[in-house]
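Letters A, B, C, D and E name the chains as they come in the text, with residue numbers starting at 1 for each one.
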Amino acid sequence: MWSYALKRAGTTAVTLLAASVIIFAFIHIVPGDPIYVLLGDTATPDQIDALRHQLGLDQPIILQYLNWTGHVLEGDLGRSIFFQAPVLSVIADGAETSTLLATMTMIWVAVIGVPIGMIAAVRHGTWLDQGLSGAAMLMASIPTFWVGLYLILIFAAWLGWFPSSGYPSIFEGGVVNLRYLVLPSLALAAPNAALILRLTRASMLDVSREDYVRTARAKGIRPWQVVRRHIWRNALLAVVSAFGFTFAALLSEAVVTETVFALPGIGRLVVQSILRRDYPVIQGVILVIVVVYLLVNLIVDLSYRLLDPRVELQ
Amino acid sequence: MSGDVILDVREMMVSFSARRAGRKYRVQAVDGVSLSLAQGEVLGIVGESGCGKTTVGRTIVGLVQPGSGTIKFKGTEMIGAGSSSLRAMRLNVRMVFQDPNASLNPRRTIGDSVAEAGDISGFFKSRAERSAAIAATLTGVGLNPSFATRYPYELSGGQRQRVGIARAILPTPSIVIADEPVSALDVSVQAQVLNLMMDLRDQLRLSMLFISHDLGVIGQISSRVAVMYMGRVVEQAGTRTVLEHPLHPYTRALVAAIPKPDPSKRILGAIETGEPPSLFTRPHGCAYAPRCPIASDRCLVDVPTLRSVGTDGRTIACHNV
Amino acid sequence: MSSNSATLWLKPFIARPIALAGLGVILATVLAAAFAPWLSPYDPYAIDPLIRLTPPNVTHWFGTDQFGRDTLSRTIHSARMALLIGSGVVVFALATGVPAGVLSALFPRLGHLLMRMVDVLMAFPTLLLALGLIVVLSPSVATVILAIGLGYMTTTTRIVYGLTLRLRAETYVEASRSMGAGTVWLISRHILPNLVSPLLVQASFVFAFAQLGAASLDFLGLGAPPEIPSWGNMLAESRTFITRAPWLLFFPGMMIVATAFSLNLVGDALRDRLDPRFRQVFGEKG
Amino acid sequence: ATLLREATIGEPPPLDVMLTTADVASVIGRHIFETLYALDSTYTPRPMLAENDRAEDGGRTIVIKLREGVLFHNGKEMTAKDVAASMTRWGNFGARGKLLMAAATSVEATGKYEVTLKLSAPNGAWKALIADVNGGLAIYPEDIAANAGNRPIEQKDYIGTGPYKFVEWRPNRYVEVERFDGYKPVKEKGDGFAGARLASFDKIRFIPVPDVGTRVSGVQAGDYDYAEMISGDLYESLSKDPSVQVQRTNAPIFGLFFMNSKQGILKDNYKLRRAIQTALEKSQALRVAFGPKDLWNAEGSIFPKGTPWYSTEGASNYSAHDPKKAKELAKEADYTGTPIRLLVSTNYQAHYDEASVFTRQLADAGINVQMMVVDWATLLKMRGQPEQWDIFVTHHSFAPDPLLLTFLNASYPGWWDSPEIGSLRAELINTTDPAARKSTWDKIQSLIYEQVPVMKVGDAYTYDIASPKLRGLNPNGPVFWNVSTK
Amino acid sequence: MLSVRDLTVSVGPETAPVDIVAGVSFDLAKGEILGLVGESGCGKSMTSLAVMGLLPQPGPRVRAGRVLLEGSDVTQLQPWQRVEAGHGRMAMIFQEPMTSLNPVRRIGDQIAEAVRVHEGISGAAALSRARELLELVRMPDPGMQLSAYPHQLSGGQRQRVMIAIALACRPQVLVADEPTTALDVTIQVQILGLLRELCNRLDMAVLFITHDMGVIAQLADRVSVMYAGRIVETAAVDALFGEPRHHYTRGLMDCMPSRNSGVRRLPTISGQPPVPGTVAAGCVFALRCAAVHDECRVAAPPRLEASQGHEVLCAFPLAGGELP
């Protein structure tokens, strides 16, 4: 167990190192400059050069990289050029939204995708199954911003059931503020629930063809019990990793939804940071995302171990 | 044991690394096996599941790298041989696999599969020669030459195994290693395939290493038999001798446990065979000792080596017989 | 393939009318793309601000957009972009993912390295990767294809890697190796032919999701240059007219949904076709 | 506590309003920082932090007397030292500081409440140049202004004298300001940005809501009280919508197509430039970009009607739409179809719309324009490199004085610096008499239509929407003093 | 105890069904082991699954025939429906001990689950019953093994767990579908011995399916031979091995290597079994039968009682006493 953890940490470190080099190289190939965004339209060349020097952007890239890694190792992700604030606090703020949004989305996905997938699998081949699977595919095929705009129009502007957009932190207004995330999480959940639904259905069907399910049926236990005790948990194995990676992806890939719903999330933060070339933020966010991804990877592996006694950590 | 020795395996050791319960184990799948095969001879290898039979065969055809030992084909060392001489030897030492289903690529025609060895080595001079050879070989194994354009799923199990054999004999090799070629087949089909192999053995003067766990089949086709247990040869002698007078306690259990198709000779309840040990927790001394009815204290510490016993070139690895 | 393989391929579609309908939609899209100039009543680029945002009527069946361009013509022409982006992404993902996956599986040392790199790439949020690329290379169709394709390259590599590892352990591959087959032989005769079917399925899904990815990029203003008609562009440009001119959203939106949905259906049907269990039911013994 | 929620079009850059000309920053910055003068509803400068002023030495010395008792948000009283330090920094690094301060010989606090600015030549526009926070002379505390240099000041230093003080900035969430209780308004009634500023809300949050559809739905749903920059095509339906009130600005912005005067095919090639100008029909572009006629005006005068600078000189060439003549002109210019590179960004939909329409129109006149579509940050960088482009697209917000027009600045990309404009510019700066300055401006506008350093697309009146409950909205722009709920 | 009458299992569309099991009938008495032999694909598994109500869905279905358990009709009833109807007392063991146990659940739980259904006890009581059952199947160290996962057991041990699960159903009828083909001969012998012993001790009726004639000879009391979906011969085990009456049975006996030691060439049965659904009329074995008559190709063969308890599906059966 410990040696496993150590080994994991080792490969993680290597991955991170590679990732950081890529991040850095990548960011500095991007043309454009934070200076222009900062100084705007009317800046003169000397103003630009002076500020560039002040921000250290005129140093050789290697030096900038070493400088940055040095600080990162000390736990300092630097300061945002744009916000004039520590990158860590900028990210932390976005992370709250993104984490809650992703969590809420995954809850929808779990309560919609998994049970309906199970029902479709149990009623395999019937009209119900065809209808549900078809509807799921349809959901997966609709662009999220479309779903989002209509959700806002219907549930916020017309019916007034939910706030249209934005998200005040729960640390300010308490958990009632979660209502701000209802519509965006639904918009995000639509395609993901559809994919999980299909995955659940497929792996339930796979498992239900296993010999041990026949053994269970032969014992005389009721079909629902067979599903609950023998199919469901085994089918979950395939679903668990999809869950983990969907969650990780949601943190950063909810850009479109965050834009539509004006949410202060990580995705939008990083997209905007790319557009305004806020290097320290981009680097910081991507680093955090990579770490989260690797963590999710680890959690998925560990949950495999919990769910499947055959799996040994290697 | 007659004629020239064309295959000579000495002290072959093969181990795999495997993981169980979070720990890394070395599985000694083959633990110092020595065999030799003469021109035109069929040597049977028996032993229960997991004792290393397949691994011996796979090592000889170069699919597995042995940890140590030598494999000489007609006096030339095969391990570490240069690629050109190795290619020639590959053509001469061929394998028939156990599962006729799995050993044919579902997306290639029967003809392509049969001609594969020739295609790889550039054996055929022309397309015409190639299709003639395929037709002849298919006919040789009792299949209609028109099968050449078919796909494996269109064939029955017995037909597929014939294709597996056809593939191993075009171009004609010196040695065929048959890894349980009939154990996936029904009795009636099994008989057809066995007949075919016996015909080929006689017509082409093939040497064969015939791997099986079915002593009945071995008795039919091979003249000599080696009994393996946990990666080692524990007894080797002429087939009749072994089947009729097994000496090693494991061979005895094996022979006794074969369900005889004769309701008047029931053995159920009469024999006690014990649990096989796990390969991961190999006993110190004789691997069979924990199950052995005649084990002595010595068997728990000393690994018995093969020694000659009696006539008929019989060798046996047991302290107590 | 045997002589009756064509009918075998069609069987899962015939058994499922809805999948057949999906196939129909895709064919229609291909035809629309091929004959766009003849099918569309107007030049899709022609601007006429005087008739901007007219609702569907006899002269403009699908209405006009904010430039006064004919929505029907643009919708038809967009099929080209859809096919271009879809097939571009598929080709890119396969052309990079297949060699990477196959070689990784066959050469464990290289594989270890490559798969680590794939890990790193997987950890990168694909959309951000796409964004960065588009900013670096400035928006163009090729950039969009590259950006979306990169994301699917990693998944394709993973899939191919897994499949090849399994194929490598197949007895028939061993058989071939035992006869002295080299790597090239193994790849060309045994591995690639067996990868075709699963990759076909993968390709249909990638094709479908590439449409959605392109639409997302268009939404963020980073997709193909907006004057080029594409469903995603049309949706993105007209999203402010959600109440003012809903037809602008409706037609391209429907097309994205319909093609993505159809491709998914076809992918599902293909998957069933390639599932050995299904094959048994259709009388082809596995 | 009363809270006003404003949906802005996006995240502002740092609120160091001296340095940045971004509108998002000015909207917020106006509530925090103040200038010595402020523009009233007719865009005339009125004293704000200044009490009064006098010019000496033929306009070369300007003495400004400050209001007493004005407090910074940190509780300290504003004195002449603060103003002098701010002016010095603005002169060195401010976005528009050079326009005035290039000619400054000294800035001194000549009393606790008196600042003296000495110029090498008189400047007729000096008051207008310092009357707005947008890239302008906002007054910061002395230590902050003195230490900041050219680097944007940090959030803790967002200390001004405005009716609201900075509270916090949550990235992508909001910028929050809070009523400053120590604020002392001027005596005059509020008018435009000038006059008394009465803060009736306890707090204001400026919330970035990038999608315009969401901004509209948000106000309709009551999640925001005010939303900026709504797309023109929604104007008619929103005007009728009882759940919102529509607030159209009275200060138009205008699109500008800059020609490269430094390098490339258009350099000094006035004939070709005029060919391009002649081919265009501006109202088409305006209609596409801004929608209903209420929101735009195909106006050739650089300054809109009603301002003292309105002029018809040269404006007949504004939107000729004469492809035939354009072709002739192009031929005279020996134009052979060389592609003309048009740099445009999609981050501003209007830029892109205008560029698309013009490209089509120019194609009809046989002029081959190739759009290079990039993101805004890239455009800002690329336009500084004269070898990269021939035309680029931007827009200009309302300017109270010609000297604030970017294209009159020879160092601004485009680099219009012909001898003719050189002398006219000097004349404009150094004249103080308004009538004389106006006639100089007439000459400049005529020159603009002749040398075509830029092409004005037309005036566009943006509009905002607000909750019907809000009273006292300001047509000069979104400011929330003197605004209250019903 | 168990009586199967004209059981027909079909696949394919309702309009054109293909019978993969065609009119199978047999009886099974208390304490008796009936062997069902026949080559791969002849329909043995389908018969046993149909009897148990475990046919995979969608897929083959029982088209005709009845299954009577102690006189009650249990045809088409799935195990849980049988349990609810009070006829739960049938159990089954499957061929693959590797895949027939749920890999993620402890074997104690898997046994206790069956105990719970059939004895109505749960919790610790069910677990201790599971322990008893493991002892009954002579599992070494049963207390420890309760908490083992299947992958921690050897093949023979797993098959014992399968038997324990079956016994937890307190079956009167046990169906065993090739329970030892995946095992070594030395382990096979143990499992077969155990089955015999349990059968005697618990007075169960066992339907034992295999294609290994040797295993049948060792274990069964009576034997039915199946060919292409039909039972072609049923007899007491001695009678069948001693005096096979059907030509197919005879052919099978002949080609076993162990009966031919030293013979140069093994006798074979030429040809291949028919593809299900292709035999329109006549005897299914006609194509391969050495003693075929014209009549065999057109008329379905009669079921003859060759001697007491020895039935054969053949118009021209072999005479008795032909084999040594």
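Convention: contacts are C-beta pairs under 8 Å (C-beta built on N, C-alpha and C of every residue); 3 or more make two chains touch, one makes a residue touch a chain.
Just so we're clear, the structure is a prediction, and the values are computed from it rather than from any experiment.
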{"item": "Interchain contact steps from subunit B to subunit E (minimum; 1 if touching)", "value": "1"}
{"item": "Most distant chain from subunit E, judged by the mean position of its C-alpha atoms", "value": "D"}
{"item": "Interface with more contacting C-beta pairs, comparing A-D to B-C", "value": "A-D"}
{"item": "Approximate Å spacing (C-alpha centroids) for the pair subunit B, subunit C", "value": "49"}
{"item": "Geometric centre distance via CA averages, subunit C-subunit A, whole Å", "value": "23"}
{"item": "Centroid spacing, where centroids are CA-atom means, of subunit A and subunit E in whole angstrom", "value": "53"}
{"item": "Two or more partner chains touched - positions in subunit E", "value": "none"}
{"item": "Multi-partner residues of subunit A (at least 2 other chains)", "value": "31-32, 149, 153, 209, 259, 275"}
{"item": "Contact footprint of subunit E on subunit B as seen in their complex", "value": "48-49, 156-158, 186-192, 194-195, 198, 213-214, 216-217, 219-220, 243, 253-254, 256-264, 266-269, 271-276, 278"}
{"item": "Residues of subunit D touching subunit C in the complex", "value": "211-213, 231, 233-234, 237, 283-285, 287-288, 291, 346-347, 352-353, 356-357, 360, 371-375, 377-378"}
{"item": "In the complex with subunit D, residue positions of subunit A that touch it", "value": "31-34, 36-45, 47, 50-51, 54-55, 80, 82-85, 90, 93-94, 149, 152-153, 156-157, 160, 163-169, 259-265, 268-269, 272, 275-277"}
{"item": "Residue ranges of subunit A in contact with subunit E within the complex", "value": "124-125, 209-212, 214-223, 229-230, 233-234, 237, 307-310"}
{"item": "Touching residues (chain side subunit C, partner subunit D) in the complex", "value": "45, 47, 49-50, 52-53, 66-68, 135, 138-139, 221-222, 225-227, 239-245"}
